[in-house]
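I'd like to ask you about the structure that follows.
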Amino acid sequence: MKTPAIVLNMKMYDQSVGPTGLELSKICDDVAKETGAPIGIAPPLPDLALTVKEVDIPVFGQHVDPNSPGGCTGHITPESLKASGAVGTLVNHSERRLLMADVEADVARCKALGLDTIVCTNNLAVSKAAALFEPTFVAVEPPELIGGDISVTSADPGIVSDTANALKELAPNVKVLTGAGVKNGKDVAMAIELGTDGVLLASGVVKAADPRAVLLDLVSGL
Amino acid sequence: MKTPAIVLNMKMYDQSVGPTGLELSKICDDVAKETGAPIGIAPPLPDLALTVKEVDIPVFGQHVDPNSPGGCTGHITPESLKASGAVGTLVNHSERRLLMADVEADVARCKALGLDTIVCTNNLAVSKAAALFEPTFVAVEPPELIGGDISVTSADPGIVSDTANALKELAPNVKVLTGAGVKNGKDVAMAIELGTDGVLLASGVVKAADPRAVLLDLVSGL
Amino acid sequence: MKTPAIVLNMKMYDQSVGPTGLELSKICDDVAKETGAPIGIAPPLPDLALTVKEVDIPVFGQHVDPNSPGGCTGHITPESLKASGAVGTLVNHSERRLLMADVEADVARCKALGLDTIVCTNNLAVSKAAALFEPTFVAVEPPELIGGDISVTSADPGIVSDTANALKELAPNVKVLTGAGVKNGKDVAMAIELGTDGVLLASGVVKAADPRAVLLDLVSGL
Amino acid sequence: MKTPAIVLNMKMYDQSVGPTGLELSKICDDVAKETGAPIGIAPPLPDLALTVKEVDIPVFGQHVDPNSPGGCTGHITPESLKASGAVGTLVNHSERRLLMADVEADVARCKALGLDTIVCTNNLAVSKAAALFEPTFVAVEPPELIGGDISVTSADPGIVSDTANALKELAPNVKVLTGAGVKNGKDVAMAIELGTDGVLLASGVVKAADPRAVLLDLVSGL
């Protein structure tokens, strides 16, 4: 994925699943094509392979387990994501936290398969630790701001710039996303100004009355 | 699903995922059409919606979480399974055990949406307890026999008939599956003779050199 | 334990841990001796063996894992509880839910060692299922009432009497406790009138300005 | 704790629990007093406070949760460990892995209370990440060697020295332990020679016919 980028975690809202969610994915695809902006999406896992068939933008898993192929019913292996056409995956989202050893294993296993990883973190200390695993992205999202009305770039700009600066020094190849509460182009522009490579957001688009308009506004901030 | 039935848990083998797994799903679909046998499949979760598009047989989730629609990144909601076209789901597979309260909530939530549930259990006591939740099926599989070479119907026929008999009395509307180690039509016939409504199996088909031949053999035991 | 009984889950409040908690345990011991009432306590796990040394009333674990003796660092085995002098343990408390297979295994493992089990449940369906494991007690506590100001016996008497009645039929050897929000002797009397064998409570005593007075009041309801 | 040190994780063996375990703790106490060697112990959690009363050496928890004091039945809070007299705790042992966010929170919460933390890790990448949380110790133990007959210092000396060297640079205040398979004074001496500050071991002492003799031998390697 080119950066700065917008990654939409579609989560599991009514608007995100099944045919309704697929329409939303196609809107993202359209906006990306019209604007040339790098937009990625993480649809509900059951819809992943079908979404890949229907859009041209990068599709991510919402979660991955470090299990090897075999008898691991109900888990999501890196091999399965790759075979289904995903280009990468969220790891350790605040709504799906992982064991520390599994975060590291997920990143290493995905990297070996050429899958991008977006490791979500809750504060500066965890962001720095996760960056040492050398994922593609670290996405810092203070849990108390996720799903809320105030963008992290306004509510806590310090954590965004501190993370960006710390990672630049500690792991310069790791890109930084942020996004809790991000809703519009101004928030995106601020995220980039604070030193990040883009945003990871969810409800601001998924629950919008007009997701297309919100996406166009977000893209304007790139 | 009509019973007696064969449910294939495709698990996460190399043969199960992506386009390769989709071929396997189509073989199941073909065999079901040719023979009229009730065959259901539980493909890898990322391939679920796409598989639904490509086959006519019933498609199940490998796992479901009791979360409500909303911010539950990486989880599998009943609503998501339904929107993706699944007719039901495995619950509490031995490789994906659930909290007791969540097994009950999963069954109740799925039932409210018209989704079938196949609750997997490890012994007679847990089978009886799970049956009180009134799932569509209880699938008893002694964990030590799963993925092995000896069918539960030979290795431990007592647990199969005891479960079938106990549930007939305790929860007569709940159907019973079994399956650990089931590999051929003789095993299927024995499972039915022991009082069950069919089999839940995995590696015997997925890892077979000729899955079509194995499926035809399995169907012969119905 | 003789019933009807009062079991105090001390949880992990400031008032529950270390020497302060030990004082609270001794108050329970005193009240039990003065009144002859059956009072049991579940102190913080790190204080369990020491509490056993200091009081004569029955001491319970707050949690147990089904692991066998050996390399299971940080887990609580039934053997460890027994060796430390506990007479039994809470299982599957709403703040420490367990896998369904582990609830069953916990009860069976404890029973084999002569340890009493108090399996906590969240609704009628789970209470009935848990009762089939034949624990010593099922303690039904609607999670939304735990730690609150209104006793379950007032807020939802139906779940208490329904559970008591259902278990009388389904598993007559299993005793029933209730307790979310229980605070005084009137609540205890009502719990017994609704068909239970006593109460399991926590904050009403632990956070009381005068725990001794509250305990004496509770005992008056037996 | 003075270093180089020997920390005995007593785990949950038959020899570790109840009065038998307390005898083992006293043997450790005796050997520490006789030799002046810094020996710490992590007894079964239910025996923690009682062990503190009976020995003078440092006592550690086997596990800690990041929960705050309150309604967290069955969990182990830092406050509870401190109130019971522990000087610190193991965190994230391979038999009790934790969420990445909880490892960080555990270390921060314990530090604020003056409790030492020994964060267990499975490889170099996780060791470095954990070191950024600034625990007192990182204890690197390749899981496949734990409980085995070959000391990590022989089987994989590279991981020991690599970890020691990497942490010296990355987090010079964090001390390093190792220990999987450590059994005798020669192993201890080698661990120190490879750059660590001591060993964390378990079965080599707990399951020994003569733990006192083994401890004396271990101490000879300091």
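Per-chain residue numbering starts at 1, and chain names A, B, C and D are given in the order in which the chains are listed.
Please note the rule applied: contacts are C-beta pairs under 8 Å (C-beta built on N, C-alpha and C of every residue); 3 or more make two chains touch, one makes a residue touch a chain.
A quick note: this is a predicted structure, and the numbers were derived from the prediction, not measured.
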Chains shared as neighbours by subunit B and subunit C?
none
Farthest chain relative to subunit B (centres taken as mean CA coordinates):
D
Could you check if the interface between copies subunit A and subunit B is built from the same residues on both sides, meaning over half shared, or from different ones?
same
If you average the CA atoms of subunit A and of subunit D, how far apart do the two points sit, in angstrom?
37
Centre distance in Å when subunit A and subunit C are each reduced to the mean of their C-alpha atoms
44
With centres defined as the mean C-alpha position, give me the subunit A-subunit B separation in Å.
33
Mark out which residues of subunit C touch at least two other chains, giving numbers and ranges.
none
Each pair of chains that touch: what are they?
A-B, A-D, B-C, C-D
What residues of subunit C sit close enough to touch subunit D in their complex?
9, 11-14, 16-21, 42, 44-50, 53, 61-63, 67, 69-77, 79-86, 90, 93-96, 146-147, 202-203
Subunit A-touching residues of subunit D, taken from the complex the two chains share:
92, 97-104, 108, 121-123, 125-126, 128-130, 132-133
